[in-house]
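Just passing along the structure, written as structure tokens.
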Amino acid sequence: MPIPAPNLYPPFNIIRLSHVVFGVKDVAASRKFYVDILGLQVTDEDADTVYMRALEERGHHCMVLQKSDVSEVKSLSFKVFAEEELDKAEAWFTSKGHATEWVERPYQGRTLATVDNYGMPIEFYFQMDRLSPIHQKYELYHGVKPLRIDHFNCYSPSVDESVAFYNEIGFRVTEYTEDEESGKLWAAWTHRKGGVHDIAFTNGLGPRLHHTAFWVPTPLNIIDLCDLMATTGYVTNIERGPGRHGISNAFFLYILDPDGHRIEIYCSDYQTVDPDLEAIKWDLKDPQRQTLWGAPAPRSWFEHGSTFKGIAPQESTLAASPIIAP
Amino acid sequence: MPIPAPNLYPPFNIIRLSHVVFGVKDVAASRKFYVDILGLQVTDEDADTVYMRALEERGHHCMVLQKSDVSEVKSLSFKVFAEEELDKAEAWFTSKGHATEWVERPYQGRTLATVDNYGMPIEFYFQMDRLSPIHQKYELYHGVKPLRIDHFNCYSPSVDESVAFYNEIGFRVTEYTEDEESGKLWAAWTHRKGGVHDIAFTNGLGPRLHHTAFWVPTPLNIIDLCDLMATTGYVTNIERGPGRHGISNAFFLYILDPDGHRIEIYCSDYQTVDPDLEAIKWDLKDPQRQTLWGAPAPRSWFEHGSTFKGIAPQESTLAASPIIAP
Amino acid sequence: MPIPAPNLYPPFNIIRLSHVVFGVKDVAASRKFYVDILGLQVTDEDADTVYMRALEERGHHCMVLQKSDVSEVKSLSFKVFAEEELDKAEAWFTSKGHATEWVERPYQGRTLATVDNYGMPIEFYFQMDRLSPIHQKYELYHGVKPLRIDHFNCYSPSVDESVAFYNEIGFRVTEYTEDEESGKLWAAWTHRKGGVHDIAFTNGLGPRLHHTAFWVPTPLNIIDLCDLMATTGYVTNIERGPGRHGISNAFFLYILDPDGHRIEIYCSDYQTVDPDLEAIKWDLKDPQRQTLWGAPAPRSWFEHGSTFKGIAPQESTLAASPIIAP
Amino acid sequence: MPIPAPNLYPPFNIIRLSHVVFGVKDVAASRKFYVDILGLQVTDEDADTVYMRALEERGHHCMVLQKSDVSEVKSLSFKVFAEEELDKAEAWFTSKGHATEWVERPYQGRTLATVDNYGMPIEFYFQMDRLSPIHQKYELYHGVKPLRIDHFNCYSPSVDESVAFYNEIGFRVTEYTEDEESGKLWAAWTHRKGGVHDIAFTNGLGPRLHHTAFWVPTPLNIIDLCDLMATTGYVTNIERGPGRHGISNAFFLYILDPDGHRIEIYCSDYQTVDPDLEAIKWDLKDPQRQTLWGAPAPRSWFEHGSTFKGIAPQESTLAASPIIAP
């Protein structure tokens, strides 16, 4: 099944992924991980909640930590181009039979909460409080020097169906992995903001969140983070990498936060603003697909993920197997 | 005079800068500079013309060298979002009284040639031959490892008027320098593709091209280029830098090609896709505006530029002075 | 068994490791690997032999490739401080009952061939042809930009005995791994030139050469090499890494040449010129010993090595086990 | 006047430069500069004194700040190979008519205080308190991540005479600048520890200390320091660079501390342990001597320096002029 033609004139205009809300069991432990080790900047907090932004961001938050009895993801959020796009979005989701709700979110204007084709909680807003730039306050830079949130990656029971859904609302496929035998998609990377992806999908028990990625300046910052984590009690939180992806050509590292939410540190992908950009196809059996340098990912990387609040994941229909480290 | 509000719904949809055509006196010397030293990839050539692309680009060319009796710039080109945007563009330029012409350009589809408010030759197209990706053919990477064309920077007799014109066709201001005394713009950076700029304007005898910039992976590639140029006969072609810009926060180097066309090597600016991004204002007298680290630019950097074919530059109306190295 | 006190006044003065001679089955294939991919510089060659140096070296060769029916190591060579040190060395080896011979080596002065305590062929010389500096001819830099040979690492049937021998001739231990149960050395790093090591020993079937290491400018050069090897047909020659060593704190990559001779790319260790430098002890069971970031080395890394010409390796007496990747 | 042949068997064995003692007017301001901005680690302090080490050093201090009414240098210190070398040193200096004194220095064993040929206060010791390694405590790394003290650079009234003196005690010349007209040395770099220099001399009013240099991991750390200093109130303390030296091939930055003591941040020179290393000669008029990339040093760099306690500097006898930035 080929990937669909991009929908260049979608029903409403999403400009980029915006933020994720994590339910975490120990706010202090998570805060230490994200703020002291990774280097995110706190923009507001109380005993149960921490709002953070990365160093070049002017929106109030790209990640929210909320005290929770279970480790889970509350929602994935996207920013739209204008206030009226929210109304178009509501109309579209309603017409497709998805429940919608206008919700109150601190530091945000009108916010539309709804679900995707698999019930994954997603939210849309246009207005978020804008903060003064800090990207030239270099004394604030530490840890991995995170510059901005880059993308989400989700497990999907059927990547073909997820791509069909997100393609319809304007996400354009940049790269994809096909299972040669079934002709089905194993994984796909789709974007709105002009990079390799805002959201990607990987075959597996889903919907679950596979990871959330942050953009950093250079591969050396990723090496610095490995050194720091390895010597501050976080060595077992390093799951995979560092290395170069075949797909996206980005330099990566995967780490796990105290609740097991997976974070990717990411840099060096490429610009994808051309509407006629040809998607790059990879074979599931190509060992350089995962890591250009040949090292397979560990089993946990294919199996572990974060559940979303209120939605039980379902088994994938595609039984094909990637190359897993022995 | 404040900067104008961004025109979020412009008359036609430009997605990014695309390429520049340089008239050069000695094609072999220029080819050596761009291909052997900088690392651009030749996509076609004959005795009088060289087409080149950077390493992550899939369009056929980002720079064209043409044998010429005079060192000059033939035109600056932009890619639009769809074929029909070209017709909208033609209608708009015609309605504004700018001459337009449909021209033949090798490897491109329909191409609209026109001029901006100061007679600067600009061209628009949608379709350009697409080439296979080479961004993972690492044996091709050398020189400064140029990944993509990033922006143009032009001298303008009135930056206020240039900004007014380009703002109307959708370029959004990200940063600007104001002369405190006159309240006029000294310089402005405007974008379409989601970085700090596709085209910028600097006060001075214009229209002239100040420089064309290429994006590279990291500051270390810029250091490598300095080392290479300094030891292969190009030491006097290094004009300014390397350093960190105050404006854009990018890491930069300015070099001059054999005809004196100025090239910037550039990396590490920030994402600007938010339509509500607040432009950052700088004072002309702030020494960190040019170089965050304090070093002023040399006089040549404020005075030298490339003329455009067929248009005599005019004096600027703003007499304010930047900080120039002694 | 503790490590011995350093012998600060050895019987003769070795200043550093110098070069290795590899027997290779296909000289052209090896030349391509070392010259085109790694970036060593050819200083002389004929159909059966290639002499190479790294970019900051002024001695004629740090590696010699010789056409051979078997893949093996001919000898490891060391440079002494002065001509007369050679005579002291001959006297010392003779007094210890090691066979010695004055041999002719192209581009070298008087050269003493002998063997170490396990029969490993080693050579000493003072004078080697000096070549003009090329470290500022930046157009020559490519591949991993190797700057100099850094160290040898050898399998030894008893690291305790190897350390005892090399310590007597002035090699000083900087770091070592002890098997807690037996109290025996599992591995040790010993230096003459002021870095972490000129030669190291690892428990195993020996004598065999585990690897030869080259120093490069920064970790980014190692990433560049991974990208290059992965896309030029050498992806399966990448054996381990990149990563940070616990021991030495260096950044590393292990690769295999076409004959299976292992090469380490290495940078960022520390200065060890102090005669009172305390050696750092590591526990064999510490997972961060091998890789600070926690990833264990693959089985091949503990088992594969190159035999030396004319000496059959013997089993190690120490049966302890390191942590091996599953 | 040619440079002298190296004295390979000096009267006593100096292994490396060790530390500098600065008289500073405001200890808190200097501490902030060296500890908070540069990243040195405090090993002891009271109201009037701060002892610091760099991150890979195990000796107690590489720099001492002492409260002083005047900004000056108290002494330059060197470590010798063994206790008995101190007695040999005392005998040698005494025989040459230099005053010597055994002084008490906290955290050091027996310490010999004396002066060089121009009265510059220098000290020698063997034993200094050894501290636990911190080079793998990555949470301590910040600022420019200084790894170790690298070298001193001093103004000398006659570089020829300074070289003659230091050569006699074993410092070996690695590179030098000659004034073509007079045939005299303009500058020379001399080493003991196997890098380009432990101490260098530059023609000028002397003896004065031109700068003290610290070794850092990569050029990117130097860029980080520029960014940090430029945005924390230290932009005017950046004097020259960053850039690549012609001489030494190192990557450099020169900064001034609150008292005007000049610090160089330095990396990437080369190994010089070969006793037969040929010194590299540079012409004073070669613009790439100072900066490989062609940019001349500012006037302050040739004129400003720190005086030594108790010794009035004298004019240089050589009137030749280097290339100074306009």
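We call the chains A, B, C and D, going by the order they appear; numbering starts again at 1 in every chain.
Basically, a residue touches a chain if its C-beta (ideal position, glycine included) is under 8 Å from a C-beta of that chain, and two chains touch if they have at least 3 such contacts.
All values derive from a computational prediction rather than experimental measurement.
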Let me spell it out: compute each chain's centre from its C-alpha atoms, then which one is farthest from chain C's centre?
B
Between chain B and chain D, what's the gap in Å when you average each chain's C-alpha atoms?
44
If you average the CA atoms of chain A and of chain B, how many Å lie between those two points?
33
Chain A and chain D, separation of their C-alpha mean positions in angstrom
49
Shared-interface residues of chain B (touching two or more other chains) are 136, 218-220, 227, 230-231, 292
What pattern do the touching chains form: line, ring, star, complete or other?
complete
Touch list for chain A against partner chain C, complex
218-220, 223, 226-227, 229-231, 235-236, 238, 242-244, 251, 287-288, 292-295, 325-326
Tell me, which parts of chain D touch chain A in their complex?
136-139, 141-142, 218, 220, 224, 227-228, 230-232
In the complex, chain B residues that touch chain A
8, 15-16, 56, 58-59, 79, 81-82, 127, 130, 133, 135-136, 147-148, 193-194, 217-220, 246, 249, 268, 270-271, 273-278, 280, 292
